[in-house]
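Take a look at these structures.
In what comes next, chain A is part of two complexes: it sits with chain B in the first one and with chain C in the second one.
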Partner chain A sequence: MQNSIFSTLFSMRFLITAIRLATPIVFAAIGTFIAASSGIGNIAIESIMTFAALAGVLGSYLSGSAWVGVLTGIAIGIVTVMLIAFFSMKMGANAMLIMIALNTFADSVAIFVMFLMTGEKGTTASLTTPILSTLDIPIIKDIPILGEIVSGQYVLTYICWLIVILLFIFIYKTPTGMRMRACGLNADAARTAGINVERLQVLSLILSGIFAALGGVYLSLNYLKIFSRGMVSGQGWMGVAANGIAAGNYWLLILAALIFAVFRAVSISFSSNSAFPTDLVNAIPYFAVFVILTVVSIVNYYRVKRGKVEEH
Partner chain B sequence: MSETILKLDNVTKVYPNGTVANRDINMEFEKGEIHSIVGENGAGKSTLMKVIFGIERPSSGSVTYKGEETNFSSSMDAIKAGIGMVHQHFMLIPSFSIVDNIILGDEPTSGIFIDKKEAARRCQELSDKYNFELDVNAKVSTLSVAKRQKVEILKTLYRNAELIILDEPTSVLTPQETDKLFDQLRSFKEQGHTILFISHKLEEVKKISDKISVIRNGVSKGTYLNEDLSMQQLTNLIIGRDLDSDMNAYKTHEDFHNEKALVIKDLYMERNGKPVLDHMSFAVKNGEILGIAGVEGNGQQELVRCITGLEETAYTGDIEICGNRVNELNIKGRRDLGMAYIPEDRMGDGIAGSLPISDNLISTYYDRDDINNKVFMNSKAIKETAENLVKTFAVKTKTIDAAVNSLSGGNIQKVVVAREYNTNSKFMIAEQPTHGIDIGSEEFVHHKLIEMRNAGAGILLVSANLNEVMSLSDRIIVMFDGQIAGYFPNAKDVSESELGMYMLGAKHQTPQEIGGALND
Partner chain C sequence: MTDNKNSKYSKNYKLSISNPKLFDAIKMTIAILIALAITFVILCLISKDPVNAIKTILFGPLSKKRYIGAVIESFISFAFAGLAAGVLFKAGGFNLGAEGIFIITGAVVAWIAASPITTSPILHPVLCYLGAMLVGGILMILPSFLKAKFGTNEMVVSLMSNSIYAAITAYIVRNWISTAQRGSVSSKDYLPTARIGYLYEPLRISACFILLIVVTIVLYLVMNKTKLGYQMRIAGTNPKFAEYSGVSAFRLSITTAVIAGVLCGMGSTTQLLTQTSYYTPAQSLVGIGFSGMLLSMLGKNNPIGIVIAAFFIKYLEQGAAVLYFVDGAVPSEIVSIVEGIVIMLISSQYFLRRLRERQLLKEGLEEHAE
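Up next, the complex of A and B:
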């Protein structure tokens, strides 16, 4: 049995699974990161993913095009963050409370809407929905090993990694990106330099909503091909956790998201093995988040104690 | 010369809550002059600057810049018009490089990217042109306060400011650094820049200004040529009465038998692998004020945090308060031994802003028997205590139930000092006790500190204001780079420039001389 576990963990399949599982977590992580870089803690990622996952399926079903589904999901993501921006920035409500409220009722609202549309409360399996496919990359797909990993992934996975690179360039190389970071690091300094802080924060929130929505539609239109209740199951929170670990370091953020994905892959590989209790195996990725966050906090605590912390 | 660059006509600013901050202010600023604006806290200087810089709009009256009436809707418009402002609290991002801080909001680009090379070239050119001696690629977090200020000034020059407003620029500088800043301001003046200089420190105002405008209670008390105005006249214009300047006159000389309120032995602490407190030893006797002078950031804050128990970083050495070793005690434990503390960060550490004045006046001794009936607070006793303190300390308020943050800075500080005074402690740490408050309140706080000293308390005074250290202290320590650089057993015998040499590290005493700080 042990042999079989190791052979699973070090197989090509496992690696491919991990890459597939990484996509929504990376989307969630960059969504949190971009909002945080302008000084906004967006903890509504989980709910935006849920809304967008359902909206994606419905948009795809109603229009007959998976890409329209993706756009519907993005639109819902933008609407959600604009609601947050409206209530917190315009009406003066506490942004954290708004986001907690969104997270609390996201699942129920999704199920309610699903019931209205399909008459079912579990999944949208009864709808015939056009979905996105995988992509074979010519030439690369024929290279052994590399071809197997790089080629044949889901379309949105490629888009995800493209965005990861473009976002890095945006945040660190362009004037708008630099101004956004300035808002997050010292809003008063940004303001006195003549920067419209609120406008940039809204922009970063919109980007955040788009990325989270892409994570959601990836789950429902690319990975699972249906919407089912509870399908986001903490992947948005893993993105938020990755952002916490990264502490402003972009590539550490991506690494943290990948590590969480690997633990999800472990959990899935083990759950096919009946020797372990399923509930325990399902808990592995969440337990990993817990352990990693704890370790990072302890390390940071001692860095502060030893006085090795820099001013931001 | 004598070309008017900025003109204020009957500028009145009434805030929505009815406060009249400026009333019918008329002032004229000429191109190429250094023009100081002086006045007490809450006199309306900052509001006036905000009006000029486009942060606030005047309720009535007009501001004319270069012959055109301005209608700024934000500071962006003021910046575009050629007005720059160096804020008292620096508006910098420590984790950014100097270049990034300077170009922020006005970045040179090539395509969609920031042109970092061009940016660095322009900034370095600017720094060299004005002899700022900065490496523009350095991170701001690695810079001293004086250098950070240069970055702030460069920011305004980068945006081609012709009129530069400096808000309390010398409050964080040593005398030598201040002299250097003044040289630079004079060279700006020669190049045609107009400088608007705001300061509390009248000696400096006298030193640098061509003209001086005085504001009192929101009303302009006129603009004078510097040479036409004596120090005494200036003081009278600002507060409308004479000030005591010789604090020594209030000191009595009783012997408290060399009891020590505080003893520090071999205190050592590191940050980023560098010592920030480097084997410091000294003592504060009962019935004396020991002043610590030094440029900000030379370990004073860490020292105070170690003594009060706020510091979380590990340190070695002994700290004794009123004869008890307190290293292992928390803040409350140290206070119970007789420590009182006036913190530097008044708004953050000194008060609970939204709570009433009365609660803030007892918050550090809420568990004392006279205001606490074991289970419930004795609200009658609290009211009595608070009302007494408000009266003795002349806190300007209608009621003790008002939220403490509705008071002006000077009055908030009086609340903090009143509370700490009322602990009847034998040891007091006064950290920047008059930072940013008006001279009337400052004088009051000074008198109270001396009163405590005369009653036998040992007071550790940490201040960036050299005048304050020199006029209040019995003995003086200068801190440089986490060490005691100089020790002066008799505060009256030392000059400002002498202290400045030690503050900048140009001079350093021998261990024998410094040893007196502990043993005298």
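Up next, the complex of A and C:
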């Protein structure tokens, strides 16, 4: 049994699976991060991913082009975050409650729309949808090991990693990004310095919605190629958890998202192995998030506590 | 709260919009009307006979005793989920673990209900309740404890605990208490002694109904008349103030988590012993525990409001089910659209605010003129 564990974990297929699984979690993580950097805790990532995943399939089906599907998904993502912004900023509602409500409704609303379009409540498999393809990179693809990993991934995976780099430059190297972080650090101070806090917060929310939507669209147009109910299954929350672990450190955020993806890959690789109880193997990623988040917070707690003791 | 007191003691107390309680009621009514109007628009788009469709949603459940009985039977466990969320939210906690507790206490109930530990038809359900309440109360503590002690993100941790508890439940049911009688993974049939009978059969009213009323009243009193309730209120509205007035945030969050877990256990037991004869663990995680949070928002964390909201939602769901039976074009999920709009509107502080301010100004001027 030990042998089979090792051969599964250190195979090329496992690595490729992990990279594929990482994309939506990384999208969710950067979506949470950008909102958090301007001081907004966006916990609606999960619902945005659900809405966008469905909208992506429907847009692609109705227009006949997968890229239009991607744009539809993004549009729905933006609409959802604008809804949150409207109710929390203009109507004085508790943003947290609005987002919890959205997450709770996401599945029923998606099922409602799906039923209207397909007459089914399970999946959109009955729609023939154009989907996004994988991308072979000309020269790299012929390099033995590297080629297998880097080339032949889904299009949105490449876009994801491009965004990861661009977002880093945006947040840490551009004036707008720095102002955004200033809002997150101290909104009153930022306002005093002449920054339009609300506008930057809305901008960061919109970006957050776009990234989450891309994560959702990736699931339905690239990874699974259909929309099925409950398909997001906590991947948005893993992004939120990664943000909680990162505590403002961008590369730690990406690392955390990758670790969660590896645990998802472990869970998927072993769920077909009858030597393990399937029910428990399915919960591995959630258990990993639970344990990592708890351990990180305990470590932080004692670090702060020790700091305080030294001060006295 | 202070608003309320002012109006109570003000000299010319009037039944007008300036009375906050009445204003809340008006706000709720208008929110429901707007939601129904939007629902009607949606029905116009998808149904051939929208007028009849909205009529069926609103009055369909009253057409047969069986329908209203189904509402009464199903709203009780739903209301317990709402009360659990209400207790947590009232104290400002964001522990979203109710779903997992509902699922895992289901396994406890199924296990006790299928074991011949007693022959008494009264003691057996009571033991089921006690077992579920005990397990629920203990397991609910975990996310709240981590948050209160170490500052862990309780929302993420509790959501993960939902999935973990669901996996453990599936494992327990499959390996320990499953039966080969059925194709799907499910527990053994409950013994007849464990099932809860009806006090009034046509409307499906059982002892659980009385239990819910008692629990609601007790919770209402605890929340409004006791020290614990006061602590919950101030911790929910202003955590800093609570801290400086000496409320132990740690003890409070553990206490509320235990109460919420116990309520989830009650809800789960009620649901299983009245509506099922064996337990099938949920395949997906979007169930009663999450809907409970919506109830608590609808009922504004007030136990009585939550119970009314639970009845209202189950009533609409039954209406939608009747409609789906009549007109297959309208999926029953339409209820969640009504729910969503109402929740968004009533949680908006500024919704209808101008109306109220204008009235207050007018009354103030009149008073001044006198």
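Methods note: the second predicted complex is superposed on the first by the 307 of 312 C-alpha atoms of A that agree within 3 Å, B and C clash if a C-alpha of one lies under 4 Å from a C-alpha of the other, contacts with A are read in each partner's own complex, and residues count from 1 in each chain.
Keep this in mind: a contact is a pair of C-beta atoms (placed from the backbone, for glycine too) under 8 Å apart; a residue touches a chain by one contact, two chains touch by 3 or more.
Just so we're clear, the structure is a prediction, and the values are computed from it rather than from any experiment.
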Of the partners chain B and chain C, which touch A:64 in the superposed model: first, second, both, neither? neither
Using the touch definition from the top, say if A:192 reaches chain B (first), chain C (second), both or neither. first
Chain B or chain C: which reaches more residues on chain A? C
Who does A:92 touch here: chain B (first), chain C (second), both, or neither? second
One more residue to check, A:182. First (chain B), second (chain C), both or neither? first
Does chain B (first) or chain C (second) touch A:174, or do both, or does neither? first
The intersection of the chain A residues contacting chain B with those contacting chain C is none
Using the touch definition up top, name the residues of chain B that touch chain A in the complex. 74-76, 79-80, 85, 87, 90-96, 100-101, 104-107, 109, 112-114, 141, 155, 269-273, 276, 312-314
Parts of chain C lying in touch with chain A, wherever the complex brings them together: 46, 94, 96, 146, 149-153, 155-157, 159-161, 163-164, 166-168, 170-171, 174-175, 284-286, 290-291, 293-294, 297, 331, 333-334, 336-337, 339-340, 343-344, 347-351, 353
Which stretch or stretches of chain A touch chain B in the complex? 173-175, 178-179, 182, 185-186, 188-195, 304-308, 310-312
Mind listing the chain A positions that touch chain C in their complex? 43, 87, 90-94, 96-98, 100-101, 103-105, 107-109, 111-112, 115-116, 121, 229-230, 234, 237, 240-241, 244, 277, 279-280, 282-283, 286-287, 289-290, 293-294, 297-298, 300-301
